[in-house]
Amino acid sequence: MSAPDSGRWVTKGAALIPVLFVLQAYLSTRLHEWVHPTSFEASPVQRMDKTIASTLRAVAYLTGYKVLVGHVFWIQIIQYYGDDDNAATRWSQLYDDCSLASDLNPQFISIYTFGANALAFHLKRIDQAARLLEKGIKANPDAQRLKYLLAAIGYQNTNNDNLIIPVLEEEAGRPDAPPMLFNILANTYQRVGRYQDSIKVWQGVLKDGQTDELRILAAQKLQELYAILKKQNLSNH
Amino acid sequence: MEPTAVMTDSPCAIQIRGLSKTYKTGFWFTPKVTHALKGVHLDIYENQAFGLMGLNGAGKTTLIKLVLALLRPTAGSVMVLGGSIAQRSVRQQIGYLPELPYFSKQHTGRELLEYFGSLHGFSGSTLQHRVDEILELIRMRSAAGLKVSGYSKGMLQRIGIGQALIGKPKLLICDEPMSGLDPVGYKEMRDIFIDLKKAGTTLFLNTHILDEVERVCDRIGILHEGSLKEVAPISKILESSVPVDYWIDVDSGEAPKLSGIPFQEAVQKNGGVQVSGLVLAETLSLLTSRKAQVKGVRPLSSQVEAYFLNAIGAQAHLNRPRMGTP
Amino acid sequence: MRRILAVTTFTFRELLRSRLLFVWLISVIVLCGLDFLLSILSFGSILQIFMDLGLAGMEISGLLVLLLGLAVTYTTEMDQKAIFLHLAKPLTRGEYLLGRILGFFLVNCLVVLGMGLVVVGLVIFLGGGTVPALFYDCVVFILLEMFVLTTLGLTYQMIATSMVGVVLYTFFTVFLGHCIGEVQWLLNQEMSHWIKVLLRMVYYILPNLEAFNLKDRLYDPNLVLGWAQWQDILLYAFSYSFVVFLIGWINLEKREFR
């Protein structure tokens, strides 16, 4: 450490810099392959269109905050989608929003499940739901949930509610199930004539529903179902 | 003047050969060049105090920074304590007080001294002991626990001197050590310098204060516009016969009697006359013959000041600032 | 060694007393608030969100501390010339630079690890989950990135002639260092030979910060992180820092302090 005149030899040591530089350049290239095992087909900058969201995505790529910005998009999606006021405007963009968010955060399963559930069972856009799920399965080959969901959507096409119900039941049983899934499940039960099961679901919503609207909806639905059951009982006797 | 003309047995503490420094400032289109130093030759001997004098902008600070390798010379070379300043062992023996000592404000005075002490290789109780010694010497004991941000200019200057002394330097380089000190501090500092000199420390002082030069320094150098004009031992200067101006005070009522006195440099309305030392005796006898009441006679400058002004050829400077004296 | 340590403690104390830990405090408050809000708003993989936000927060607060620290110390050391006093002491300029780098890095560690503790706490107590082992790898990667950036920032401080310059250079290095993957992509496109040479130089000169960006690949099924990768990343972090340090030292050695 205590060379008498370190200033002089370090200035001469500048000759060392190119050698070290080559070393670090080599390591940098090697690490690049580790970071991006498959090189981009297209740069996110190139994929940028004129929307703010797309610009934000490019910035996220460029600054190394992909996951963070992905979560921001995700929060936006559930915000917009939870609000009926946006039904006319924003809901039409649900697929685009989900695909942006999953670009940034491809391993975040909730985007696919939420998006597919909403697209397929609520908005009846089967194509888009299937496309989103296929993307999710490609990015997460181990996620069985996505495969079930894709299957359920296929059944939806055949209008065979009995095939959809098990998948919906499993989805609704998860702690992170989106609220409108119960809605869908209860309605499907009702369609196939399983009124008791439907009532059970609505009772659950009435008890634990997150918003007033949901609880009011549940109360209305319960009244409706009780009326149906009563009529049935009367006609049976 | 050729510095080697002064005969000394002591070895050189600082040996400056043909030192030049040119500052290049300004942008590409308006380049500006300042020749701050122009080929300075200077030897500073060990165990002596050397005072470097010069007007503002003469190049004194530039010279010190070159000695400490904070600047790179345009031409010439510097040897310090027989080696290069780039060597750690050489810097170990040097204390430096910059022109405006500035410290990062978040530390206390004590912490600063501890830090600089540890750079000089002190540690543990030796360090604490040395810091206490220095705090005592610079009279900063009571304020040592305060953050530097709360210090006055003089307190900063004291800590600056403290950090310069903490390594028990063989060679102490100070750029205007007295600036910002109160009269007591001024005297204390002078005593510190005299004590250091007695203990065998070589001093290199940049200063404007002629009194300090006279009492502390063994040799002085006069730097003017980047060139070394004179280097001489102080004893020689004090013996020299550079004319000093004197002020002769008379009663204000007797002012008319002053008119027509030959050789006078300036006359004041309320009575008094400035004459060159060369004609002091003649003027006094003339006044006596006119029966003017002379209240007192005092020199207007010290011998060193006169020597200094003479050397830079600025005799004219002398008159103007003195006009207002009562 | 003792002298380097002295400079390190000196710098560390200076930065701490410059109230830089406020950055940490504010980051923690913001993070806790966000996590709390999200735990109400969002559903689905809430733990994942906590962790991702936390990791990003750690990196951002580390960067903020670095940039602010560089700005603060540039004013004292360079503008107000406090550096004279250090350099006139029996301290080589390399020791001075290294000591300062370590002092800055220590503060950075304090902030990043302090945030990390808060993130772990939030995941466990607010989210009721556990932290995967990869999270800790991520923290070390962030620290390595901070080390590289600290070295760069202080080297800029030795080269630049204004405080704004230091902050801007450091900021743009962070930004461009993360774009390096894009540069590689550009290199595969059709374009003029000279632009390619230029781009390649940029590619090799900039630090490959994406290599340290493990937090964006925390759930990547293709991620391989074994001893070989650790070796590469450690060697890269230190070889890059060393080159930069050497350049900083040589510059400091040649720099004039007017």
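Structure notes:
Which chain is which? They are A, B and C, in the order written, and residues in each are numbered from 1.
By our rule, a contact is a pair of C-beta atoms (placed from the backbone, for glycine too) under 8 Å apart; a residue touches a chain by one contact, two chains touch by 3 or more.
Quick caveat, the model's predicted, so the values are computed rather than measured.
Farthest chain from subunit C, judged by C-alpha centroids: B.
Located most centrally within the structure is C, per distance between chain CA means and the overall CA mean.
Between the Cα centres of subunit B and subunit C there is a gap of 47 Å. Distance between chain centres (mean CA atoms), subunit A to subunit C: 32 Å.
Rounded to whole angstrom units, the spacing between the C-alpha centres of subunit A and subunit B is 77. Shared interface positions of subunit C, i.e. residues touching 2 or more other chains, are given as 92, 254. With touch defined as above, residues shared between interfaces to two or more other chains in subunit B number as follows: 88-89. Annotation for subunit A: residues 6-7 touch two or more other chains. Residues of subunit A touching subunit C in their complex: 1, 3, 6-7, 10-11, 13-14, 16-17, 20-21, 23-25, 27-28, 30-32, 34-37, 39-40, 43-45, 61-68, 71, 74-75, 78-79, 107-110, 113-114, 139-142, 176-178. Those residues of subunit C that touch subunit A in the shared complex are 1, 4, 38, 41-46, 48-49, 52-53, 55-56, 92-95, 174-175, 178-182, 184-186, 188, 203-204, 207-211, 213, 215-222, 224, 229, 232-233, 235-236, 239-240, 242-243, 246-247, 249-250, 253-254. Across the interface of their complex, subunit C is touched by residues 23, 65, 68, 70-72, 88-89, 91-92, 94, 96, 98, 100-107, 111, 115-116, 118-121, 123, 147, 160, 163, 167 of subunit B.
Across the complex, subunit C meets subunit B through its residues 2-3, 6, 9-10, 13-14, 17-18, 73, 76-77, 80-82, 84-92, 254, 256-258.
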